[in-house]
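Labels A, B, C, D and E are assigned to the chains in the order they are written; within every chain, residues are numbered from 1.
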Amino acid sequence: QDSGATIGFLGGFTGPIESLTPPIFAGAELVAKEVNEQGGILDGELKIESADGACDATAAAAAADRLINTNSVVAVVGGLCTGETIGGFNGSGLSGNVVFVSPASSAPALTTLEDNDLVYRTTPSDALQGEKMAAMLLAKDVKDIAITYVNNDYGKGFADSLSAAFTAGGGTVAANLAHEDGKADYRAELGNLVASQNLVILAYANASGNTILRQAVESGNFTTYVGGDGMVGDALLNGIDASAVEGMIATRAGAPTGDATQTYQKLATDAGIEANATYAPQAYDAAFLLALAIEKNGSTDREGLSAALRDVASAPGEKIMPGEWEKAKELIAAGTDIDYEGAGGSMDFDEAGDVDGIIVELAVEGGKFVEKGLID
Amino acid sequence: MTSGTRGLPDLSSDLVIDVRNVSKRFGGLTAVNNCSLSVQRGSITGLIGPNGAGKSTLFNMVAGTIAPDSGQVIFDGQDVTGWQPHQLFRIGMLRTFQIAHEFSQMTALENLMMVPGDQPGEHLSSTWFRPRLVRSREVEVRKKALDVIDFLKLGHVRNELAGNLSGGQKKLLELGRTMMVDAKVVLLDEVAAGVNKTLLNDLASNIERMNRELDYTFFVIEHDMDLIGRLCDPVIVMAQGEKIAEGPMADIRANPAIVEAYFGTPVEAV
Amino acid sequence: MIRRSLTLFAGLFVLILVIGWVLGMPFTSSRLVEAAAYALIAMGLNIQWGYGGLFNFGIMGFLMVGGAAVTFISYPANPEFWHSDGPMMLGRALLAFAVGAAIVIAVRRADRIGITGRWKGVLTVLAWFVAYVLYRSQIDPAAAYIESTSGWVGGLGGHPVLGWLFGGVLAAGIAYVIGKICLGLRTDYLAIATIGISEIVRALIKNMDWLTRGTLTVSPIPWPTPLPQDLQAGGMGMDQALLLSRGGFLLLAIVVLAIVMWLINRAYGGPWGRMMRAIRDNHVAAASMGKNVTARQLEIFVFGSVLMGIGGAMLVSFVQIFDPSSYQPINHTFLIWVMIIVGGAGNNWGALFGAVLIWLIWVISEPLARAIFETVSLWSTQIGWGAIPDIDVRSAQMRVFVLGLVITIALRFAPKGLIPEVVRREG
Amino acid sequence: MTEIIFFINQVVISGLVLGCIYALGAIGITLIFGILRFAHFAHSELMTGGAFIAFLLAAAFASWGIVTPIPTGFVVLPLAMVLTAILSLGIDKGFYAPLRKRGAKPVTLLIASIGVTLMVQGLIRLFFGTGTYSFFDTEPKEIFRIDTAFLGSTRPLVITEPQVLMILVTLVSVVALHFFLTRSRLGKAMRAMADNADLAQVSGINTALVVRVTWVIAGALACMAGTMLALDVTLKPDLAFNIILPIFAAAIVGGLGQAYGAIAGGLLIGFAETLAVFNWTMLFRPLNAILPDWLQLPPTLALVPTEYKLTVAFVILVVTLLVRPTGIFKGASS
Amino acid sequence: MPLIELKHVVGGYGGAPILNGVDMAIERSDIGVIVGPNGAGKSTTLKAIFGLLQVTGGTIEFAGENIANSLPDKLVPKGLSFVPQEKNVFTSMSVEENLEMGAFTRRDDFRQTMQWVYQMFPVLAEKRRQPAGELSGGQRQMVAMGRALMSKPTLLMLDEPSAGLSPRYVIEIFETIVRVNKEGVGILMVEQNARQALAFASKGFVLAGGQNRFTGTGPELIADPEVAKSFLGG
């Protein structure tokens, strides 16, 4: 046994979100690289052990079991799909006293999960983003929208909160329809959405989101396109006439001042990974937080890790930015309290282990997503 | 051995099969055309006719394998038109197929053992809860099947998959099924085709015996005139989906039109 | 033949030991629980396909039904729902359903009062429509009401084993209906029809939020045996508690499996099995030999589906979450087919062997693929080609490759399955 | 008029395109089923693999600076079809031929094809990752917007170039295949073999050759289907895998082994999916002007909610099978 | 040199051999008839000649060339043709297509041969567009024979060609066989209508247990009381 620490990464490398997973994993791996370059963890190396949860509760249970009981990881980053997180956690996490920090499970179910204070997430609940998006659209004087969402916990939760907030704010939701992922054709669905010219797509860039956007553009029935965080990714614009989607609006979780986010973006770009990828910053945060907590906890014990995590994540304390591992390590060694300011927000966990995120606005300019600032 | 026969036979009628005005069309072709015929209880009735006359189709309708387009089939005084084959089996009708319908993935012995109806072991409840009954019945069935197999001279292939038997052996198996149950009526569709003549003689004797001693009624399609002549009275002649004649073999032979259309004249030696 | 099976099972045992040694006992024990559940499901398919020749490609639907059933029975009750108007509204919907069903059935008998032919057809369509509208008129508001007031109906708080049984019963009911409609179809057509029906079942369960919480998932679903945390609370050490609790579940699963195996073997070895093989072989002839082919096929379809329902329920109980979106045909239908074809259709030991083997391979394929990649990467670094990038991602994706390879190799060397059906030759 | 154009765009063109996608996949499946008597599950991977081959070729063309009037993906198609045909021959030789030689049942071959599916999927992801690719990165996709103002409509008719090509290609390949099977010597030999392989052999037909020809044609068709699909949508590793079930449904509804059945089944399923979720209010909206207030059309009037779209296709499938148990054109069975 | 000559052929289906030394020789002018009890190995003999099972011993010479274990697609062009006992038509193909398949190995124009077959079996001409699977048992038999004749063979092997045919057609089939033989096609057939067939056979073989029991001209065998009793039904 060497003196470092291993954390697990549980994600759907295969299955429905296989195309989203690799960049998310890259975000987590970036932390390990930085930690090891900047002095390591607990006098040793930080290792990340990955396992394939296939976005499926049963598979995730097996995968988490291996991570926890075979690889004896200290904590787990993941899972990505909510079913994955819960399946993995119930299967072995709870009995093994393992902290799970999910970068992507945004469904409300996690909030109410009975978890002994072990399950956290670095992405805000879908409910928040929906409200923010509604506010942003209303502020832009968009009075009516048509929503299409991917039929899973993410899409449904998001769409529900968006439509509730949008209606409450005086707007009209002309249509709010689910679609199934992975089909070749969504023209029929789009035909039901033409009641409004403003199309909100809540899906994944790499999957149905791309197809729907392209077919919407081809149909010429819509003027404004809006996407949730799942849509933010360079893959979205693949094969789409860039000029047609110029000005498309999107939202996603971000950092308050933009400082932390920019730092992260630079780090990621330097490391040669896609900084913009959906949930990659959140994965970075999750891994970074866990590394901090382990360092703080002083050993690879799982006991006390949850408390340490809360400690390093929230105020008061000296602010730590992405990439500042060396500094953090020194501060912890010195016994100073720290407060991590993440790539995806300030990362202050509430009672239930949720973060009160901050949502930023993005727009497509010249075939790329560009950040436009905070929504309040 | 218990009987596969159930229901209340109407013994007052001596017509065991009464086909009334049945027709069957396949696309544009009328295979059986408003045909009526009947079979006397206890007889061995022959059915002959040129190829494609509609004999097998008629059998299929009597045995429930296909439903007639119109007309009625009366079996033992009961209207059985449109009945399923397994229902007919239960009231005592058994048929063989012109093109052997063996269970190719089962051994010859199993092919026979599965025939008897009313096996308690065929119901899940008795298999699970009354194993003794199942076993004793199974012993009986097996013994009977072995007897039949030996009679058919198939003893050496009883453990062979039926699919691997020779063409004639499959025919024998087809015939063997009729001996596994006490049926009222047996429909034989060209059992003799492909069976060695020496063995066929034995079979014919057996059919006669079953008819005489066990009161089986036989309804036989056959192209082998020697066999028909030896076994059957009366003989019904079908052509183009209709019955054209009925009577003892001698009368049929004496009808020049039929002889011309059906029998032809033998080939001379080289 | 016996020697071969024994050797294979011995090999499987060794494989389990090796996995236990490399990946740890706790890990292995829970995979075995899953394997037992899959074995039960595979047994169900073996009955349908191996015995009956029925091409059921809708296994996923039955697993989901089982899962939903155990969730409903064993999840704690939702007082909010029971104290609202929900139950009453649901009761009305049920009544509407019953009335609708009665109308449809009545119309099917319309010929008794002399309505036949086209009129009956028109009437039938009309009856279906009326029944549909009647039901929708009651269920839609009820569903909306429940979703907005109490989220969903919750469970009944019953014992999980009851839930398993209910899973079996529910699966039986659905199988009966499907069988009545579809068993007349020829093999390949039956396959696609069952796929279709399983997709319909999935869509329903996924979207009936008031009943199943849909994509929002339900957890944690209780175990029939003590959970590790219960044992831990009782003062036991962590590892010990884990092993013991999983061992308990495994034992229960094995008991269920053993009972089922015994029942099936007994039936299949006797005249029942002979009749079923005969029907599979040549149903025209079997019908002429007095076997009621339709009824028997229905019987076998329902019987197999019951096992699938129970197995699906066991799986959900074990992972403690019911997540309708996680059901995929490839994992929940085709994987089972692979199990029995590789194991040996028509042979229960083959199905058991195939289920355990394929499930274990599926589980270890990921670490295995990674080990292979790392070795190759090491070589390539040594000879100066550099390491393979993204091993984690690639190896996870290569697990499907490994599974595919195992399937094709196994079939190549044993096209009838590793433990094939035996021809019953008697002395 | 606007409403009718809308209907044409949303239902007629959409259903047609979707139907063609399904039909193109289904012809290959129906062919393999007809001759070799098994459901070739890995056809989806042949399609995806073929599309990737075409993509590589197109990329190579683009890097050599060759510009073509129609999409490059379409120009390189013949070459890609040849390569995919070779690939499928290899797959048969490696995985199916040994099984056939040992007299395996159709379902065993089906399972083997699932194994092949998994392997090819793994390999595609190994080499291309899980991302998406587009044939139109370097050239614009032509979208025809036909102004229909002269008909009094405010909306144009919309169809893209790949869609037009796809509809043409589907028609041509179905008709060609039908004539090949019913008129040519080899085609008839293929049917003979499908009917009774032993007798075909006895008649002196070289059955090994027939099998090879089948795979060549199937591979070429798969490549064509995959490429057309990728041209219309984007290219990704699960391109065809996701729609293999409706494709099988199309092949079976049409009647297995029947070339025309593929197109009938494809269109039936395509239109069923499209019509099921179509919002009829969009078509009948003008009626609102003459209908009394209490009878105004609701904003959405679809047969089923969109989340049940797939369900409807399958319900129609099941009903079709019940009414015509062997498919629209009388199909084969294993 | 005989057209076909079997010398002590041994072979089977993988298990115990079914043929335990079969000897036969047929000239081009011969009609050879094989008779024997069910399961004697008659069909197996024909299949062995046609390369459909493993021959493990002895030789099979066709026109002087050893053809043991060659495959049908080599044998058909050489002039052999075979009508199996069962499953001998393409059920889903039309009658005409069945005949075309018979001529598959021929590169020349086969329309005349087809006319000839239709003349021989006028029913088939009537049903030329109908799938062979919808024909009656006897009609199928004609299709099967027609298909075999389409390759213009020099040796035609028939496995129970008269099975299932009505007496008139049995006679016609036999007449046809004789006629075909007169046109220079050697015939080797298995028959259970033994007496009728042996009556015009120039060579008769009685097979039992995979071995020759009696050999002679047809009439000789009929006249032999032992053959008659044990194999021809007395």
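The rule is simple: a contact is a pair of C-beta atoms (placed from the backbone, for glycine too) under 8 Å apart; a residue touches a chain by one contact, two chains touch by 3 or more.
Worth saying up front: this structure is predicted, and the values here are computed from it rather than measured.
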item	value
Partner chains shared by chain A and chain C (touch criterion as defined above)	D
Connected chain clusters in the absence of chain C	one piece
For chain C and chain D, chains touching each	A
Farthest chain (mean CA position) relative to chain B	A
Remotest chain, chain C as reference, centres from CA atoms	E
Geometric centre distance via CA averages, chain E-chain B, whole Å	29
Where chain C and chain E are represented by their mean Cα positions, the distance between them in whole Å	53
Approximate Å spacing (C-alpha centroids) for the pair chain A, chain E	76
Averaged-CA centre spacing for the pair chain D and chain A, given as whole angstrom	36
Where chain D touches two or more other chains at once, by residue number	125, 130, 305, 307, 310
Residues of chain A touching at least two other chains	18, 21-22, 151, 178
Contacts with two or more other chains, residues of chain E listed in rising order	none
Chains that touch, pairwise	A-C, A-D, B-C, B-E, C-D, D-E
Residues on chain B engaged by chain E in the complex (per definition of touch)	26, 48-53, 56, 98-100, 153, 157, 164-169, 171-172, 190, 193-201, 223, 225, 261-270
Chain E partner contacts - residues on chain D that touch it in the complex	185, 188-189, 191-192, 194-196, 198-207, 332
In the complex with chain C, residue positions of chain D that touch it	33, 39, 41, 95, 98-99, 102-104, 107-108, 110-112, 114-123, 125-126, 130, 245, 248-249, 252, 256, 305, 307-308, 310-311, 313-315, 317-318, 321-322, 325-327, 333-334
Footprint of chain C on chain A - complex, ascending	9, 13-16, 18, 21-22, 25, 29, 48, 50-52, 54-59, 61-63, 65-66, 69-70, 81-83, 86-87, 90-92, 94-97, 107-109, 113-114, 151-153, 156-157, 178
In the complex with chain A, residue positions of chain C that touch it	23-24, 26-27, 30-31, 34, 206-207, 214-217, 219-220, 227-229, 232, 238, 241-242, 245, 315, 318-323, 325-326, 328, 331, 363, 366-367, 390, 392-393, 396-397, 399-400
